[in-house]
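For reference, the structures are reproduced in the following blocks.
Below, subunit A partners subunit B and then partners subunit C, in two separate complexes.
Then we have the complex of A and B:
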């Protein structure tokens, strides 16, 4: 047996008094994919940053890391710069910010070659073209002189991979490489990464929170929690015979389905949308009409009272624009929206009681709240819609009750939003939506930014609230697993139109439209027999 | 009482130092209304250019006037000019900036911002000279001139920071709650750009003091016999080789006030942010 590609022995990272990585030992074989799984704050990214010497200021590491038997921690910064990029490549989560917006993609890939291999600029560009071709961006379709803003998120991620593998490093570290991408794009990137490892000698350290991603790609997995590796082993063995309770709870959480909510026998239609058209007019030129880009093209749908309907589609398909129109924030170009018998019109003209019948929960638990207001004021904001605004005492009681309904304490009302974790913030967002007892809550990717265990809790909470208050949900998501867990009916949206709709189970089990089939196939799955 | 002390303990050091420096000059300015060591109008040529002594703590100038008294009364002019000028700038500029941000991309936005550009396009000192030339040189006209040129600065800073806040989800949540642009601007935008405005305010305050000094230096600000720090500087320049304290003292006063204000601004920004407040 040969020496491992990367061996980490007893690695600890401390920031101040906090131990963020606690005596970790792992080894990655040559040409293997190693998965490092864990929830946010488990120390998985810190482990990778410590190995390549890019820890944030103030963090202290101890232990040892060896690349092909060569000590990494003994190297000074100058020598480490020679290792990074040449022997170890790294790709990050956010494709939007990881590339320099004012340099062409060819130059950015060639830069690595010029710096590390001392290549001539023209030779470097030739190699760059070859690498971009390898990651699925052939020069005759996507020119080397394109700029990052001309590419989609998935294409940018491919450029980043081309940059990382330009010098054929021994080890590639990928930190949540597909978390910010759509499912079909994610499937393409994962295929590419798997292919790169399979065809050469490169090893891949894949850091992710998504066990399903690892199931299809990695040969072994380490599960991290609170800075420690709680369990490690061959992928299939780990899924089949995990011994640690945390691994079990992670697996359970990622497949979690809340208890089904019984539907009322006869429900009245609540939201009805007919042939809705939405679009933006671009900037016109002299003597030329402004171009019209249609985000939503003739969508019809309905949601009954107490029903949970999923809206699935990739980014840019128009689902968020549709949500904004339903909330009366976007004037339609055609068609109609009716909520509980009243027409929804954009702007100040819309009657307050119509607005009061619906609320929204956003994806980002950090941007959803004014950081300057205490929770009480944040949650009480929708009271603005009521004709007879409640007195201070009544409002404060209602806020307390709403906080209790989402599993927080009424005492939390006096705190500020930064004192809460992401999952707690999402609970507060639900409390804010709940406080005026709307009939419909639009959940726009409301659980996408959460860790699996927190996500499972929020899904349970949503199901419970529906049972208690008879709420209807319009659940917008790109995650088919979550949609399956919480909706009865699903609408699949592509390029501003609904291509398929029907009962969630039936649509996802036997999709009729090729696009739905593509989505289902692209969703990473843990094989059923592994977890049975 | 306990709350007061605990609030004081939580104050950042920079704020305490800043407040102390600033209040030193504020108190000096206020006391000068009631009492000064010597009358600033009384000339005593016999006692001119004296070094600091028991009778004249900071010495005397070329007319034999007491320097400490001059500085105290001068603080009045300088601080009053700067406060009112920042007040005019903020009072007009911030609402204009909020208005432009609320109608971003619309004609109102264009109108406000192009109007700003128009004011920006004129060299401020030249306009100040014009105003004082038309209406006569006085401290009041200096205030007006400086204030008008503060306005586009605040409008621009306000609009720029407000635009970033407008894209946040909590603004969308407020709109879902049926709140209009004006209400959102006051309730959600303003508190979130307050830190930028406070810092900009202290910068403009410092610049206001400097601008007043500059205008007085060329004889367009406070008129004799009313002393101001800028005029004291201007008067002393011919004597800098044999009586340097005449220039150094008002110069130090300007530097210390500006420094105190900047420290106060930074400290206030930290204190007003709930995220930083609780961590201390």
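Then we have the complex of A and C:
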């Protein structure tokens, strides 16, 4: 039997006293897709960076890695530069920041050819045009002289792939290549990666936290936890007969559905939006009117008290603009918003009690907190909306109760936000939303940045809070699985308009609108019979 | 890119208009009547009035402002009260010293600072970085007039390579003039280069943390090529801002160095103008300096556009 494409043997990575990768061994066959799965901090990315010798400063690796039988760890830095980009290509998660903003995409793809093949710039650009064409960016539509900021996230990720495969490397490492992308864009990129492997001899090491992505693509999977591979095997076998409890819990968490919340028999409408139009004027030119871009064009919707409604759609469809308008942060260009009978008006005119009736939880639990304030002050912030502001002691008690409600302890009030993990921060964000007992909480991609097991816990928490306090949720997400788990009704939004709405189960099971069908088809799923 | 340049140009003209009003108003508010000052304490009131009329100090402020601005647009800055020569000539002669000095100092500081900053960033936390940081700290801390005097002691008095001061005039030949400007340019450049090197270092360090640097390394670029091909241009944006500020400062802020080296530059002209209530000179030079600052900012804006394609389509 010939040597495997990539063989990693007993690889460990240590940073200071911490072992972040602990004696892992894996091997990837030629022309195969190998999936490396695990949650954040499990050591997946460190494994890849160790293989190509790009560990962060201070990290020390031991063990061995061989590419087609050739030792990689014995090479010096100069020799390793000759391997990276030529024999091993790598693409990363953040397509928005992984390309140099001041150089054209043609030059960036050509650079791989210039440094390894010694090509002249013009010849390299010709090959680059061919590679960009291969990844779905034909030169007559997307010129070589475009800059990264002129492209969408999906297009940038395609440029990344083009420069990684420019010299047809033996191995491509893709580290969460689609995590930051919309589902349909993700499906396109995964198709592309699969196609590249199928048409040649290249192997693909696909690193992801999303087991469903691997189900359709990889031939083998290794599951990592705390720096170790806890289970490995062929994809279908691993899904059907996983033996390790962690694999089982990952699978369970990714399909987790909290206990259903009984709806009140008769509910009053809480939020009502009619024919809402939102938009902004672009910059005008001399003697030319500023172009009007409409982010939301004529949206009508309603949310009843105690109801959980999902709003799905891809980035740029107007979801977040709509959320801002509901909160009274964006003046509408037409239509109306009423919350519990009171009109929502942007600006100072809006009564505080209307603001107090709704709160929001954002995607980024770290960025939405002031890092210099203790949790007590962060959570107590919404109190200024109340007419009779509570005394210090009352506020402190309410903060403690809110923290307890989200599964933290009242003692956490004195800590600062950096002392908490991502999941705990999101709990604090929910506590902040909860503390003045709003009627409606808008959750804008509130669980998208969380690992599956944490996400499952937060979904349980949200369901429990709803049962306890009779909250209504407007749950904005691009993840259909999560929307299915936590909402009764769903609205599908595209280009600023709602194209389909109805009961979540029904809409997602048998979509009426072609766009909904496209979204459902693009969502990676583990085949039912594998996990049954 | 063209529309970007045009928009910057509009901003330039608007800034100039605002600046001219502000300068005019401020000079109006300065106490002291130039006519009375020139004629001395015992002048008769009607003599003062006659001189005022002759100097163009009569009429309403709006009339005077318009006269001043239209004159300037036509290149007529008025006649200096004390020197009795056209201000334009006076300023032009001084500019022939100040401008080459500023350009030399800036070139020197940029040529030293950018490579040094890049080097320090690439050796972050190691001996090379520490020594650069130490030397630049010293360069910022040393007063430049003192450094200038040290230069004079070593290179003019001991080694006799340069003269200790004075300016031969451009008639004496370009080489002789440049030679006379070298020591002052070095003295001016030292603190500027120290600041710029530190800015460059931190800009490069920030860029080195970016994802696209990791991408470049994954493509097989060596550490050195990553620095020169990817980090350098991205780090230029904050550096360009500082260079622009430094140039503006160098044109007018060299008074002390001009005094140490007996150079007939703009800084000294302003100083004399103020002490002698030669307001028309002060007004014109300040306006000229404002124009220079705005022009430099305009050029920095254009340089931004060249360095960063994201800024071009605004």
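Note that the second predicted complex is superposed on the first by the 532 of 532 C-alpha atoms of A that agree within 3 Å, B and C clash if a C-alpha of one lies under 4 Å from a C-alpha of the other, contacts with A are read in each partner's own complex, and residues count from 1 in each chain.
Methods note: a contact is a pair of C-beta atoms (placed from the backbone, for glycine too) under 8 Å apart; a residue touches a chain by one contact, two chains touch by 3 or more.
Here the structure is a predicted model, which is why all the values come from computation and not from measurement.
Superposition model on subunit A: subunit B and subunit C are shown accommodated side by side without a clash. In the superposition on chain A, contact of A:419 is made with subunit B only, not with subunit C. In the superposition on chain A, no contact is made by A:498 with either subunit B or subunit C.
By the touch criterion stated above, A:355 is placed in contact with subunit B alone, subunit C being left untouched. In the superposed pair of complexes, A:385 makes contact with subunit B only, with no contact to subunit C. Shared-chain residue A:329: touches subunit B; no touch with subunit C.
Using the contact criterion defined above for the overlaid structures, shared-chain residue A:301 touches neither subunit B nor subunit C, since it reaches no partner.
Of the two partner chains, neither subunit B nor subunit C is touched by A:402. Once the two structures are overlaid on chain A, subunit A sits at the apex of an angle of 30° toward subunit B and subunit C, using CA centres and rounding to a multiple of 10.
In the overlay built on the shared chain, the residue A:371 is in contact with subunit B alone; subunit C does not reach it. Superposing the two structures on chain A brings subunit B to within 5 Å of subunit C, judged by their nearest Cα atoms.
No residue of subunit A contacts both subunit B in one complex and subunit C in the other. Against subunit B, the residues of subunit A that register as touching in their complex are 324, 327, 329, 348, 350, 352, 355-356, 358-360, 362, 364, 367-374, 378, 381-382, 384-385, 416, 418-419, 432.
Across the interface of their complex, subunit C is touched by residues 52, 54, 77-78, 81-86, 89-90, 92, 94, 97-104, 111-112, 115-116, 147, 149, 160, 163-164, 283, 285 of subunit A.
Residue ranges of subunit C in contact with subunit A, taken from their complex: 3, 210-212, 214-223, 225, 229-230, 233-234, 307-310, 314. Residues 168-170, 172-180, 187-188, 191-192, 194, 273-275, 278 of subunit B are the ones that touch subunit A when the two sit in their complex.
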